[in-house]
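Each in structure tokens, the structures are laid out below.
The two complexes that follow have chain A in common; it is paired with chain B in the first and with chain C in the second.
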Partner chain A sequence: MRRGLFPILLLTLLVILLWSPIRSVSAQGGTPTDDEVNRIARQLYCPVCENTPLDVCPTEACRQWRELIRQMLAEGKSEAEIKQYFVEHYGARVLSEPPRQGFNWIVYLAPPLLILSGVILLFRTLRGWVRPSDVDEEEIQELSDDPLVRKLEEDLRKRGS
Partner chain B sequence: MLPEFGFGTLFLAFLVAVYSVLAALIGERRRRPDLVESARRAQLLTWPLITLSAGTLVWLLVNNRFDVSFVYEVTSRSMPTYLKITAWWGGQAGSLVFWAWLMSAFASLVTLRKWDRDAEFLPWVILVTSITLAFFLGLVIFAENPFNRYWQTMSGDVVERMFRPAGSLPFFPQDGRGLNPLLRHPGMIVHPPLLYLGFVSFVIPYAFAMATLITGRTDDRWIHITRRWTLWAWLFLSLGLVFGGRWAYDVLGWGGYWGWDPVEIAAFMPWLTGTAFLHSVMIQEKRGMLKQWNMILIILTYDLVIFGTFLTRSGVLSSVHAFAQSAIGPAFFGFIGLTFVLSVALLLSRWTALRAEAEMKSMLSREALFLLNNLLFLSILIVCFWGVIFPLISELVTGQKVTVGPPFYERATAPLFAGMMALMAIAPLSAWGKSTWKTLGRAMWKPSVVALLVPIALWIGKMRNWAALIGFFLVALVTLVTLYEIWRAARARQKAQKETFPVALMRLFGRNRRRYGGYLVHISMMLMAIGILGIEIFQTETQGTIRLGQSLSLAGYEVRYDDIARFPAPDGREVTRAVVSVYRDDKYLGELHPRIDFYFDTQQTMTIPGQRSTLADDLYVLLVDWQPVSAEQATFKIYHNPLVNWLWLGALVFIAAILIAAWPQPEAEMVPVVVTSSGSRRARVGASD
Partner chain C sequence: MENPSEKVKQGVPLWAQVMIWTGLLGLLVILGIGLVRAQQGTVQRGDRIPGDLMLTLYQEYEYNGQSQVSLGELHGKVVLINFWASWCKPCEQEAAELQQAWEYYQPTGEVVFLGVDYVDTEPDARIYLKKFNITYPNGPDLGTRFAQRFRIKGVPETYIIDRRGVVQYVKVGPFRSVEEIQMVIDRILAQP
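Let's turn to the complex of A and B:
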């Protein structure tokens, strides 16, 4: 058994070695299309003209960056690797959202927490207000000057009772 | 001489505004109606003064007075006259004059009204509007003077000063730098003025709210007085946003109308609080509740308006809109902080007096649902506000610059918008005072079943995007419920008044403009929602470099590259214009002309799309690249934007709806109400009808 293990390992290694160049050759086959480039450029922001996505930025610099993406794609780099390259060279601002780490978590956590506290506040206030009693018909009747609208509103309240 | 005249009148206007603040304050404190009247007249004087100054500025712009620095920066000889006029608000200093001019016009209009019943408000309304006006005029005079001129000193340096430095000579540049090409578009005539009109007119309800707090009146008189102001403000602001979107769609060449850019959001934030305010004032009028809340909303709206101008004008945020950067940031910041703290302090001092007069009877009543609507608007505001300021906080705290872009906003606001649509469907069917699950369920089930047919049909048509299915279901539900409510009312009127249906419908709108105008606004929002869902979820794009005679295909369309030409245009552009033919299923649909404009004066390029628009979709073709050396090849980018036209269609319906809602109501109709023996009320034809 032990003697059989070595050839198997060797064979596996050989397959991997043989297969990997095939893979990158196939990735290099043909220049990446504009659409493939834009798919990644769209997720990146122009490092010089702020708040402009890289795929639509008309400047010469951005054109070169798009070419860089094309080149990296041709080299078989993955989307994540290309993004990582841009972050390393130009900072986190090239990403369309702050990376989910450290201090940046605040941007994701603050709105839901604030909204949630708003909901709780609203319901607590409402519960304090709500006095389940019979609606004062007179009071509701005074809501509109138009008798027609008054009648429509009354219908809404009566529906189902 | 002219620049000095412009500056002089502006300075005079500033002094007059400051005087009107002091006179109103002293007149009120010392019970001197003559002083208050003097303050009112002083305020009325500011508008002609600023008009003279602004007129001078426009004259300088139109007549190529490049010795004036503002004129040099925003115009050039080659620009057509209409763009030279709009350049007034195309640069920082001029746009602040424009703000002040509109502010003064609105303040004058409001002080010209009859005050007999509300004389106690007058000094305070003057105070608030004049302080705001004086602040903007002060900014112009002390920090951003559009009348500064260029002077050449003895040493040969060119300096920018209002008055001639000793020993210097006037300096006349041959030509100006020209307006940013992005702003050279007919959209520039309407977009900024509408936005500013919206901004400025929200100052009026705020002024009345403050007057209410200061005088201690706890009734809702201020809401009645400012109801129409608020509606107009809302119309202007909404239109400013829509026109801005249309301008971006036509000019920016990214295939969309809204990019969640910080400056777009800056204009959107007061819209959110303003819309919440429009809804919640109804609760105060009808039920005497939410008085404190309405105050909070109008204070927020006012300060968000100033904050919006601050973001646009101070350059604190770097974005496509921040053309001008200057040192006016701290002044804005201080003003926003001060007005906010003072307003909130005032509100707190009257907190108990503004208690609700009525009680909330049920969690499902219409007033409770209105509160929920307010919560949603405020939630969207929180997301927007936080997204806009987080990059600043991050830079301050960690030194790291980050971008908060569309994915953040879209993910966070989409469920909130969906919730809002659900409320639009439910609220019109809920009753004031009290609703139960049973009454609501009975009212809701039929339209819900019918509306479900829409997503089912779409599912059968192979649509598998759940967000779109939910979205279109909600659109159908809101539209059905709203149309049904209108139909039900018109039918009731038709029966009661023995009118034909169209007459009943017309009179229904005529007699209840606000209610049914409001319903129509909801329908217009749904039309816009169709467009937004279409482009946001189903937009596709492709890009490719092709030779003459070759085509690119996208979403069933073929776009063939036929011709290209480069030629100079008389307004200082070099135009590269391509001709492409559009085919669908081998059927020729027409020609499009995407082009690249190169502006010599600013050395900037613009990519103008060729568009084919139908109610089903837009084909949006951009010429991305063309090199004369390889003339046969050109790069095109094509967007397929389904349903986007519904957005603009909705905007048109929206304008009509607001006009209905805000048009002055005729005198109340005389309708005797006959109470029958069974106790149910029946309306009878009135004498005046």
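Let's turn to the complex of A and C:
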């Protein structure tokens, strides 16, 4: 009986030894790293500070929010779910990118529209600058037919040579 | 003979000018509204608070058996609304005083205290509430709706609203003593 007990004990010990590192590794893997937390935190802004992303905000409140992100990640929440939680609790202003809806569209539409208007305006202005030389050909022809102008040009050519 | 200067005159079409000026004017109006809002202070004494604001309470709290309180249903009572947060150190200075004042007024049924937890995390808020044994209804300011309506500038801030729903007292910063709180509430209670 003792002979039979020894292999069982040995096997149990072996299983415990093999199982312990696996358990510890899996526990370690369950805690989100600072990088994982900051990846989401940098997409959010501190709700009580002025224009400070959550990942670099040094206040106590921000530390609490980063811990909350860590906790939610550990619970298996997705990035979208975490951001949604923050919007529900602290308002859409915590998002680094405002949601594309309603009044927020101004933020996305105004800059390209203004740039486009500027480009069109610049293009038209530049075209205006170039045109006089093209359209004044008739006038130039009239002037070159003038005997006085012809004599003046001739004199100038002689002096140049 | 046609004047060449007229020929080369190239202007921005009228429709484009109208669009550009309208756009610029619109942006200026938005900027102006933003600036005015930013310069506006908190709500002032005499301002009426609409009753549509609803506070969802933390799990441990209730008001008349309900997990939500709307300001509308509190008309007829004097309401003290205290904005706080667990990360706010000055809030801790007045937490015990507010609780004492609540214990004093609660039996009368004439005064209601509401704690509005401003941009906080729930676990830390619960620790704070437990630490100071706060028993009056408390809840998170979801979406900062209360804060925006009261235009708060920070925490702690306290607003005391009379029976008609009109703000009668604004306190920016912590109360120094229970007596200070009682003096204000008693004065508002004494109003007809």
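The criterion applied here is as follows: the second predicted complex is superposed on the first by the 101 of 161 C-alpha atoms of A that agree within 3 Å, B and C clash if a C-alpha of one lies under 4 Å from a C-alpha of the other, contacts with A are read in each partner's own complex, and residues count from 1 in each chain.
Simple rule for what comes next: contacts are C-beta pairs under 8 Å (C-beta built on N, C-alpha and C of every residue); 3 or more make two chains touch, one makes a residue touch a chain.
Given the structure is predicted, the values throughout are model-derived calculations rather than measurements.
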Which superposed partner A:P98 touches (first chain B, second chain C, both, neither): first
Chain B or chain C, by number of chain A residues touched: B
Touched partner set for A:A110, first chain B, second chain C, both or neither: both
Touched partner set for A:K151, first chain B, second chain C, both or neither: first
A:V48 touches, of chain B and chain C: first, second, both or neither? second
Partner chain in contact with A:Q64 - chain B first, chain C second, else both or neither: second
First, second, both or neither for A:E88, with chain B first and chain C second: second
Those residues of chain A which chain B touches in one complex and chain C touches in the other: 91, 93, 106, 110, 114, 131-132, 135-136, 139
Sites on chain A touched by chain B in the complex: 33-35, 38, 45, 49-53, 56, 58, 63, 91-99, 102-104, 106-107, 110-111, 114-115, 118-119, 122, 126, 129-133, 135-136, 139-140, 143-154, 156-161
Residue ranges of chain C in contact with chain A within the complex: 4, 7-8, 10, 12, 16, 19-20, 23, 27, 30, 85-87, 118-121, 123-124, 140, 142-144, 148, 154
Of all residues in chain B, those that touch chain A in their complex: 252-255, 259, 261-262, 286-287, 318-320, 356, 358-363, 368, 371-372, 375, 378-379, 382-383, 386-387, 390-391, 393-394, 397-398, 400-408, 412, 429-436, 438-439, 441-443, 488-489, 492-493, 496, 508, 511-512, 515, 541-545, 605, 607, 625, 635, 637, 668-669, 671, 673, 681-683
Touch list for chain A against partner chain C, complex: 47-48, 59-61, 64-65, 67-68, 71, 87-91, 93, 106, 110, 113-114, 117, 120-121, 124, 127-128, 131-132, 135-136, 138-139
